[in-house]
Structures are given as structure tokens and as C-alpha cells.
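What follows is a set of structures for review.
Shared chain: chain A. Partners: chain B in the first complex, chain C in the second.
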Partner chain A sequence: MIAYIIRRLLILPVILFGVSLLIFSMIMMLGPYQRLSTYITDPAQLKGVDDVELLIAKYGLDDPWYQQYGRWIGGVLTGDFGWSESAGAPVTKAIAERFPATIELALLSLIPVILGGVVLGVISAVHHNKIIDHTIRIFAVIGWSFPSFVFGLLVLMIFYGVLGWLPPGRLSNWATEIVRSADFINYTGLYILDGILNLNFSIVLDAIRHLIAPVITISILWWAFILRITRSNMLETLRKDYIRTARAKGLADNIVVYKHAVRNALIPVVTVAGQMVLGLAGGLVIVESIFNIRGLGQFMANAAQQLDYPGVLGGALYFGFLLILINLLVDVSYAVIDPRIRLE
Partner chain B sequence: MEWQEVLKRLIQNKISLLGILIILFFVILAVFAPFIAPPRDADEPYMIPRAGWTIEPQAPSNEHIFGTTESQYDIFYGIVWGTRTAFRIGLIVVGISSSFGIILGTIAAYYGGWIDELLMRITDIFMSIPFIIATIVLVTILGQGITNVMIALITFSWMSTARLMRSQVLSVKEDEFVQAAIALGANDFRIIFRHIILNTIFPVVIQASMRMGSMVITASTLSFLGVGAPEGYADWGQMISFARNWILGIEGDPLHYWYTLVIPGIAITLFCLSWNLIGDAFRDILDPKLN
Partner chain C sequence: MKRSLVFLFTLFLVISLFSVAGAQDVNNPDTMVEVNMGTINSLDPHFQYDTASAEVVDNVYENLIMFDKGDINTFLPLLATEVPTKENNLIRDNGTTYEFPIREGVTFQNGNPLTPEDVKYSFLRALIQDRDGGPVWMIYEPLFQKGSLGGVVKEVLGEEKNPKDLTAAESEEVYAYLEKAIEVTDNSVIFHLPKAYPPFLSIIVKGNGLGAILDKEWTIAQGGWDGQADSIAKYTNPTKEEDPLFSTMNGTGPYQLVEWVNGEEIVMSRNDNYWREPASIKKVIIKLVNEWSTRKLMLQRGDADIVYVDKQYLSQVENMDGVKVITGLPNIYMGVGLMNYNIVTEGNPDVHSGKLDGNGIPGNFFSDIDVRKGFLYSMNYDAFVNDVLEGDGQQGKGPIPEPLMGYQPDSMTYNFDLDKAKEHFEKAFGGELWDKGFELTILYNTGNDVRKSAADMIKYYVEQINPKFKINVRGIQWASYLDKLIAHKFTLGFIAWGADYADPHNFVVPFVSSDGTYGGFKGEDYAKFAQKNVDPLIEKGISSTDPAEREDIYRQIQKQAYDNATDIYLYQPTAQVIMRDWVKGWYYDPIRDPGQYFYDLSK
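And then the complex of A and B:
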């Protein structure tokens, strides 16, 4: 197992380097003048400079690409991604500010996505080829085919427009005032957690109320995905010899299914966790921009609309690095749980 | 399993038959678009004609059977010609990226060693950035437009096919018929094409069918976010982005502009649904675990 983890760790720098090179090659598709913006941390640096050629020379934008890459990656490593026009702040600062909202949404979505998908998958497999199985699967295919931006807007139309229950944004106006006031201490930036820590439960409730619609929108899509894998593994497991043995020795059906089969069927589900994290991160761009949640995803969408190159590139690099680390954690923990994987 | 057998079972299965019928409906819509919704300007059929210059959408009427969306773009026209856009994007992107993935995956598995290692690490790198985010970045840099959307989608979508193909090839590479061909001294190209690709193609076809839907969704997402199709272009995603400002309706009637969202929403969901239904049934037919 240690050899496996070491190999994964050795590949890590290669992947990180590769991703940075990929992003950098996209920067190099821009002309020198457009590229300039990715090097300037503060617009004040441009004041009083009339000659763009001078700036291009100053930042070495006509140098060979490897020299430019060296300078760029140096900046990135010290947290300097350039100035984001769309956010009106340095990219690093803009991303840091928006990070908690995204984390809160992503973490809260994981619970219903995984639980719902697994439960539906198990029910579907246990009732293989019965009406309940077909119904669940048809709903899953429909959910998978529903683009999140259509579904999200429908949710907004009905649950906010018609019923007024689930408003967009992160908090109501009154709650935003409390959160910004001096009495309220922002420990983490996650409003649910901060509300609990400040013992202000009306904030917690308000934050949850604002998160329901985006979480549902994310779940609909991913239920189908998890369900499919759970169902297929469960069907396979239910045919294994040890399940037959358990049944033959007279164990109750419920115990066989829920104690013996489910546990073993769930192990392979972990393998897709990495793929799911990537998909979820992409989905956040849509969901955050529809429900007006000031997170990383909305930042990416706004930056793209306003052709804010440093913002888009910085966001992508940041997302990429973060997800590579999360995937590493998933893989390593999976190797710890399941000895079979280490042998491959 | 033979092609004829698979096709027969796809048509016998009610769910995949439904998928096939919906796709046929869209094919007819796309092929006969010039007759169903004659363009006002024959040189630019993809630009949706406008029925006026006011911003507010107009409800369905005899003249505009699906109504008009923001800025008076005709919804019916946009749906009909949007079908062509969807097919064009789906077929081109899935066709090119799958071919590329098939070639790359086959080379990696067939030659193995450092070639495999190198190609798979490159695949990992391209997969590290979430698909939607990577395409947003590339389209932002290349500039708006359907061609650039397709380039971005192709650039970041060949990897899953490459991985799938690699594992497929690895499993047949040791088979006797391939070993025999190598022993007989057949050249690499002939072995790869005649003996390997033709024997491993089914799972790739299933994947391609499922990807038709997801590529069209991603392309529409880019248009929805305002970085895809140029304004007025017949694209379902853009029609939904037109609906965005109107989903709360008017005072006392929150569903007043329902048609701006619901009609294009149905079109895009049905399109993706049909491909997924076929892919799903396909997978069941070919999955030995479930038979």
C-alpha cells in the first residue's frame, strides 16, 4: 500500500506541472496586449503609462515561451494570478472571498446526492425488473437528461416566483445585515457553521432555506449517476455465492440484503467519487450563477462573460489544483479501505 | 453479439424504441427546417428573425405559435433551426473526439511501455480540470461562436473514450486471434484495425450515444452563460438564457412568460433524453453482468 501511495505522490507534481502548462498554453493563445492583464496585480500599475509597447517589453511578453512560463509560474506559486476586472480585485483575493460559499454548497450537496443515489440504487436492485425498478430508472434517465440550467430556472420559477418559498442568494437582507454587523463573528464564512458557532439559529435556518433549491438542482443530476452504479454492483453482489449461502442458512431477507450485500456493493461506488467531484465542481458554475450565490462558480461565469482573462485562467488553475488534491485523497483512502486496489 | 441482433433488441425494447422515435422526430425537424420554418434571409438561416424591437416577450399567437422570447426572437423558428445546431454540434464533436480517443487509447494499449505511460499521463492532465470549466476558459480565449465552442468541446472530451478504448484493447490484446495475427507477421496497422478495433467498438458506441446528449447540454450551457453562440443564433441554450430575465413573470401572474423557458426547455431535454434512453438500453443489452 505504501508503494501505491508513493507512486501516486510521485505522479502528483507531473500532473500539477501538466495542468499549469495546459493553462499557460491557453494564455499564450492571447496576443501580448491581452496577456498583459494576467501579469498586472493592480490597475494602479498602469497609471501614467501611455506606451503599451513599453509595458510589453517590461513584462517580457515577447520573450520565448519558456521564459514567460517561468515568470508566470513564479507568480502563481506566490499567489499572484493578476488582476480580475470582473471582480474589481486581485484574482487571489476574489477567489479567497468566494471560496466559503462554494464549499458550503458542495459539502451540503454531497449528503443528499450520495444518500439518495445509494438508497434508490439499492431499492432498484432489490426489486429488479419490477415496476418500482422501472419507475426509478425512468426518473433517473430523465433527471440525467435535464440540463441543470433548465431545471434550476424551473425550480426558481415555481418555488420562488409562484410560491415564494425558496429565494435566490445566500441569505435574506435582514440576515445579511446581522452577518455583516460587528456582533457576528465570521469564523469560517460558511453561514450555517458560523450561525451555530454564534448561537444565532435564525441565521442557520435562513442559510439552509437559501441552499435547498441549489442542492436539489445538483442532486437531480447526480442521483442518476450514483444510482446506476449502485444498482449494477448490487445486482452483481446479490448473485455471489456468499449471499446465496447466507440465504441458504435461513437468514432473513432484510439482513442478507442490508447487512451483507449493501456493504460490499458500495465499495466500487467510491471509485467514481473522483469523477463525481469533478462533475460537481463544473455544475457549481451553473447552479451558483442561476441562484445568485457569490461563489467560485459564479466568479468563473462572470469572468467569462466579461472576457476577464486573468479571472478565468486563475479560477481554472485554482479549481484544477484543488480537485487534483481531493482526488489524491479519495484514491489513497480508497486504497486503505479496499486491499484489492493496491495490487493492481 | 452481432449488429443485427443488437438493433433488433433495441427496437423490441419499448424504452429504446421511444428514444429512437424521438430522435427520428428531431431528424425530420432538422432535415426539413427550411420548409417548416422558412428563413427570412436565405444566406443566414441560423439567425432567428425578430418580430419587432421591443424587449418584452409576446405570448403564443397565430402568427408566432410558440410566442416570441426576449427582444422578439421567434421561439418556433429558434427551436426548429436549433435542432440543426444541436445535431451539428453533437455529431461533429462526438465524431471527432471519439475517433481521436479511439486512436490514442489503441496506441497506448497496443504499444504499452513508455508510450502508454506518456499518453495516459497526458489524459490525466486534460481530465484534471472540470469539463465545463475547461471549455469556458478555451471559448473565452478563442472568442464567441459555434465553431469555437466545438473546438473547445473536442479539446476536452476525447479522454474518456481514450481510457475506455485502452482498457478494451488491453483485454483483447492477449486473445489468441490477435497473437496469431502477430505471429503471422501482419503489420501493426492491419492488426490494430482489422483485429482489435472491430472487436472492441461496442462499448465505445454506447459511450458515444450517451455523449451526444451531454455534449449538446454543455454547448447549450456555454450559450446560456453567454460565451457560446452569438446573439440571435438559433441555439436552445441561448433561448433559455433569453428567458432568464422573465422567469418571475409579472405582478400577480408569476407564470406570465412560462413559454420562454418551458418550450426551449422541453426541446433540449427531449433531445438529450432520447440519446440517453438508447444508450441506457444499449448498455443493458451488452452488459454481461445484467444478462
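And then the complex of A and C:
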């Protein structure tokens, strides 16, 4: 298994190189005037431009594509991923600053999504076609079909607009002041964890208070998704011969379901959960916008919109890296869940 | 079960009521929270050229003079002790010398004292930096009659050369030329202009970052221009990444920078050592929240004191408890439909066949005055103002907006008149256009609904005039829109201009001069017309120091624009500001809008 993991990790740079080359060529299909829009975001800004061609030359927008790509990849090899015009910061800094917010939200969302989804999926399958199954399925359909921008706004309106309990942003103003002060050490950028490590529990509570609404919004969608996958796999597994055999042997129903069936039904769930983690860790533009969280989703959307190619490429590399890493974790999880699977 | 549900529901309602009631108290009396959707581009006053950055610069840095609470005709001294006038002889030599006595006892936020040398350094630094797309062009014209450092380099060296490529010796020559314009004597700074330039004070006034005064010692320590004559190439035209003042500040203003989290918020704290009375508000937070619903809820809860609200959402806040909505503020701004006299037809699908054959338009389509007049009479201005702008604006009277010199409320304008439109279309191209018809595409940049509505309206009415007239309206990304403008491939494009400074010169140059920012997009035929009929008037207007004479000249320019149907002067919108009613001391400044000067505000 270790050889397999090493082999997969060794392929990583090749895949990332391919991804960057592909995206770069797509951006290069646009002419220099179009790519100038990264720097001229409003026509009125042209009043300060003496000569548009000089401005294009300044940023090397009319250089041959291989020179532009060479400049970028040369920087990457020395650890310089370029300057993101849309974020107004070096790409590495822009991603590093937004990463904790995205990852904190993703990690916290995973708990209700996976636990809720799997548990309810199993319950639903076990009580197939009974009232409890129908009820769970109705909620799953509602959750899955509710657009997150509608549900998110609804949550914000009720729990912030009316009740004032769950405000947008990552922290309150007073808490932001504390975490940015010299007395507070930002170990990870994840405020809940940093609050615990600094033994400042008011920060932990404030961070949780700000995360509940976005977590609910994310959970309601993904929870329904995991539930449906778990349920259908459980139903299929429960019909398998070995389950009938286990029951015929006189094993207790709980042992049959939770020891024998669930474990086998979980393999497809792990695959889907991997995709879900990838989606969450890549940032969620809508949830980030509604709850005013400065995360990676907004960063990548802005970079793409502004044709900020260092930003787009940096984001793509991050996402590609994450994709490979998560797929690897999923493969390893298969082997852990099902000992018959060997990674070679 | 039912009883528990009823109990829970009642509890929920009671808590809701209490929560709403609680939200009406004055929140954070010492802190002002503004929530908007403008991304700050840079904190360097000489680099930034957008309203979001300008607001921060305006609160941290100071200029020599300022407007009297938004009155664009009255100046007050700020870092200067007197406003130069002819009467006090601080403007002399026929308006070519401006002297500013510098205030003593002022310190920068790092404790360094303000000196006249700082003032000279600041202006020279701006002139040397002169980044592409930045604000410094405004000061080149009065000081050197040029548009940029590149123009000065050409003048001094006698050849075109990119300032980035200057040798040390060339740099010294150019620097000597620049330095002659700004002189320090005793405790004054004197500007020498080659000829009179009436808007000079309006350009360097507070609100315009290019006139912000930096601490020379501190700027050099940060890695800014070293104050040497031979180093222009190193410090000119930086990228954001190369600019050492991109994210750090040190001014003499009432607030100092605490932290800027780009894309999230900027925090400023009161400067307790400010040379005037310290501000009332101790802390200012400007948050970037792109989602309107979130901004609205923050306003409603009182977590935001001042919120940016798009016109389309005004009705949602008009009756909100504890919220003050001020509308109808005169915005010095003009939205225009630009007609391209010489469209590049090669590889341009928007002209369709590219010929006057009923299936397209020729490149010189808009060179025909009757075509332009036909379009001008086909626009339903009242409907546009009432329905699209929801009444918050007025039809433009020419390139100059209200209340600048040359604007007249009763100027001649084109009204919506399809009969007259028909009359002109019939005459266009000697009647050929009417017989054959045409097809063209009007583009707008996606997301700009106002421009889309204007284009749709033109399409609707022009197509009614003659069934052979066909107009397509197509939305494209901003990047492609920019490409079309620069490459002269647009047919009729909508564009806007907001005031950099309060003078008609700032509007007539971009719109109607032969090489203006937008005038230059209109092609060779327009350039020829403008060189003969408009440019001489613009030159006369900027050279005269007699206000009555200037007024008359700018009226003539407005009339030229009307008589020759140069553009569709579509609308001058009004501005609006929305704040909690506990915000006190607010006043409107049309140049600073939508930014706030927090020094004058309290809660």
C-alpha cells in the first residue's frame, strides 16, 4: 500500500503541470486587449493610460504564450506562484489567507452531513417503505431540491435578521480585534481550534455561533445526498445472500445490519463523500457570499471573472492537488473498510 | 405532542419580538461600520483611482486644501494655512503661480513633523510614479501641459522613450524639468504653471489622492522613491506588487490604518494626536459584503451604520425602522451612448454584412449626421429616467453635467420624437438607408442592466420606424467589451464618466475632444470634426481665468455637441445614501461620493 501511495504522489506534479498547461492555453485563446481587462476594470480607467500597447507590453500580454507560461512556471519552480490582481496579493498568500475559513467550514459541515446522512440512510433502509422511511425520504427530497441561495438566505433572515442569533462573517468585531491582537496566537487560522489552543473560549463560542448558519445551509443539501446514496446501497446490501445467511444463522438483527451490512454498503458512500469533501474544500461561492465568508470559492470565482490567470492557475493547482490527495484517501479508505481490497 | 409544539412556536415568536426590539438601540456608539461592495484597489494615494480606495485615503491622508463640507465652489485651508486667491496674492502672475503657506505643528501618524519638503516630495513622487491607468495624468496638464511622464520625457529628450528605460543621465534631465514646477521657499510651497489653469485647485483638493501629502522620510524607508534625480526608471509606473505603499499608510489625517484584510474589511482607528480636534468616532470598519440581502440584514439589525444600496433595492429600505434614506443627491456623472463614426468592419460580426445593403452597416454609418439624429430622436428619455432609473436622474443636457459651469437647465436637448427620427433616417445616406434598411448589433457589458435597458429601448423604437431596420442587442463580458472599444469595433456603446474634479474641463475632454478617452474611440471622422470645431474651444476654456468667459465657452461646447448630435447624452443619475438614523453630521460631497469622511460623523 505504501508503494501505491508513493507512486500516486509521484504522479502529482505531472498531473498538475498538465492541468496548468491546459488552463493557460484556454486563457491564451483570448486576445491581449481582452486580457487587459484584468488591469482595466472600468472604461474610465483608460483615461490614465497614455498608450494601451505600452500597458499590454508592461504586463507582457503580447509575448508569445510559451514565454508567458515559461515566466509563470519558472516562478512556480522557485515557489513564486505570481501576483493575483483580483485578490491584490501574491497567489500563495491569497490562498493561504482564505484556506482556513474554507477548511473550517468544510470540516464542521462534514460531521452533520456524514453522521446524519449515513445514520438516517441506514434507518430509512432498515425501515423500508414504512412511515419513518417515507418521512426521511420526503425531507431528503426537500433538502436536495432546495437551492442553497434560497435556503441560505432563509436561514440568515430567520436566525440573524429576526432573531439576531447567528450573524454573518467569521467572527464578531470584538472577537476579530482579539484574534488580530498580539496576545492571540494564530496557530492554524481555524478560529475554533485556535481559540481552544489559546484557551480563549469566548472566541470558540463566537466562531461556532458564526459557523452554525452556513453549516446548516451546506448540510441540508449534502446530507440529503449522502442519505440517498446510503439508503439505496443499504437496500441492495440487505437483499444479498450473505445477509440472509446471517439472519438464518440466528444473528441478532442489530448485528446483521450494523456489523455486516453497513460496512459493505459504505464503500460507494466513501466515494461520494470524497467528492463532497473536494467540493467543500474548494469553497462554495454561494454560501460564502451569503454568509460573508472570505473563502476560496469567492477567490476562484473572482479570479476567473477578471481573467486573473495567476489566480486561476493557483486555484487550479490547489484544487488539483486536493483532488489527487482526496482520491488517494478514498482509495486507502476502501482498503480499511473492506480488507479484501488490496492497493497495488 | 401538539401542546409542546404550540408552546415551542409561541416561545419562538416571543423571542423573535424581543430580538427585533433589542436591535433598535444604538449599536457600538464609538464604532462606525460601513458596509459596501467596492473592492479596495490600493492604499497608495498616488496609485489608487477608485472610490473604495479613495475613501480610505481620504480619511488617513490630507491635502493642502479641502472643500467646505461638499460645497465644490468654496475651498478651505487644510495642510496649507491659506487658500490661494488673487486677492491674497497667493495666486499671481496671471494665474501661473500658486503659493501654499504650509501649516506648522502638524505631525504624521508616526510622529514625524510635516514640512514643506514633504509637500514637494509628495507631488514629485506622484509625478514620477505616474502608473498606467492611475490618477496622475490630472496634474500633468496644469503643471506641464502634458498628459503623462511619457509626454515630459518626449519634450525633454526630443524623442519618445518609455520612462522605465531612462538612463541615470536622462533621468536627471527629466527630473530637473519636473522639479522646476515645484519650489520650496521658507515655509511655503510654490507651484509654477506654464499657463493659467483655472481648475488647478479643484484637482489638488482633498478627495483627490494625487494631492495627498506623504512623509518623505517614512516613504523612503518603506522603499518608495528615494528622492534622487537619477532614479526615475526604477520608481516609475510600478505594478501593485512593486508598490511599497500598496498596503501601508502614514498620513496626517484624523484616522490611521489598523489593518486591511483585502477582500474582507479595513479597520481604522482614531488619530488621537490629530492636529485638529480628534474625531468623535474611535474606530471605523469598512466591510466588503457583496450579497445585498446580507447588507440589508446588517443594516436592519444595526450592525452596519452606513450601507451601500443599489437603486433597484431602494424600496426595500425606504420604510425600514431606524433607517434614514436620502435620495436625489446631485451626482456629477454622465451616462452616454457613444456612436462610433468609423467602425472597424473587418472581422466584426456586429456590422453584419459591413455594407449599406440592408443586411448590415458600413464602417462610416454613424458619420452621417442624419443617422445620429435618427437615433437621438428614437430614445425615449422620459421612460428611461422614470422606468429604468426609477425617477432618480435626469436626461443629460450635453457632455457637462449639473452643477458644473456651462450646464444650463434649459439647454437644447433631443426629445423622444419618432416622426423627427423618421425624417432624419429618410435623409440619411441620400435616402439609400431608408430604402435598403440596415442591421447592426449594439453591445453592452453583461451585468449592467441600465445599459441593457437603454439598448433594448433603442432597438424597440428604431425597429418601429422602418421594418427594414434591424437592431440586435447582445451582452458580452467586460473583457470583450473593452476589446471592442479599444479595437474601434463597437457600433453604439454605452459608457459613463464620473467627476475626477469639479470642472467642466474634466467632462468635455473625455467626451468631445478629438483625442479624449472616449472621443478617441469615435474614429477618424470624429477626430477631424473635433479638431476643427471643439478642440479650439476646449483650449480656450482651460486657458481663460475669467469665469464669465469660461461659462460662455462651455455653453458653446454644449451647443456644438447638440448641433452635431455627437453622442446620446442619456442620463445624469442622482446618488443616494442609506444609514441608520443615529448617524449624525453627514453631508453630501459629490466628488467624494460614495465615500464618507468619518471625521465629521458621530453617533
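Note that the second predicted complex is superposed on the first by the 248 of 344 C-alpha atoms of A that agree within 3 Å, B and C clash if a C-alpha of one lies under 4 Å from a C-alpha of the other, contacts with A are read in each partner's own complex, and residues count from 1 in each chain.
By our rule, a contact is a pair of C-beta atoms (placed from the backbone, for glycine too) under 8 Å apart; a residue touches a chain by one contact, two chains touch by 3 or more.
As the structure is a prediction and not an experimental result, all values here were calculated from the model.
Touch criterion met: A:Ile142 reaches chain B, while chain C stays clear of it.
Looking at the shared chain after the overlay, A:Leu307 reaches both chain B and chain C. When the two structures are aligned on the shared chain, A:Val14 is found in touch with chain B, with no touch to chain C.
When the two structures are aligned on the shared chain, A:Leu325 is found in touch with neither chain B nor chain C. Contacts of A:Ser289 after superposition on the shared chain: both chain B and chain C are touched.
Legend: residue contacts after superposition of the two complexes on their common chain; A:Arg35 is shown touching chain C, with no touch to chain B. By the touch criterion defined above, A:Val336 reaches neither chain B nor chain C.
In the overlay built on the shared chain, the residue A:Met1 is in contact with neither chain B nor chain C.
Applying the stated contact rule after C-alpha superposition, one finds that A:Leu153 touches each of chain B and chain C. Overlap of the chain B and chain C contact sets on chain A: residues 30, 153, 156-157, 160-162, 289, 307.
Across the complex, chain A meets chain B through its residues 11, 14-15, 18-19, 21-23, 26-27, 29-30, 137-138, 141-142, 144-150, 153-154, 156-157, 160-162, 232, 235-236, 278-279, 281-283, 285-286, 289, 300-301, 303-305, 307, 309, 312-313, 315-316, 319-320, 323-324, 327.
For chain A in complex with chain C, the residues that touch the partner chain are 30-31, 33-37, 39-52, 54-55, 58-59, 83, 85, 87-90, 97, 153, 156-157, 160-165, 167-169, 173, 180, 289-292, 294, 298-299, 302, 307. Listed in rising order, the residues of chain B touching chain A in the complex are 15, 121-122, 124-134, 136-142, 213, 217, 220-221, 224-227, 237, 240, 243-244, 247-249, 254-255, 258, 261-262, 265, 268-269, 272-273, 276-277, 280, 287, 289-290. If you check the complex, the residues on chain C that touch chain A are 15-16, 19-20, 22-23, 28, 31, 33, 39-42, 49-50, 131-137, 147-148, 150-151, 162, 237, 239-241, 246, 259, 261-264, 285, 287, 289-291, 293-294, 297-298, 300-301, 303, 477-480, 482-483, 485-487, 495-498, 500, 510, 517-518.
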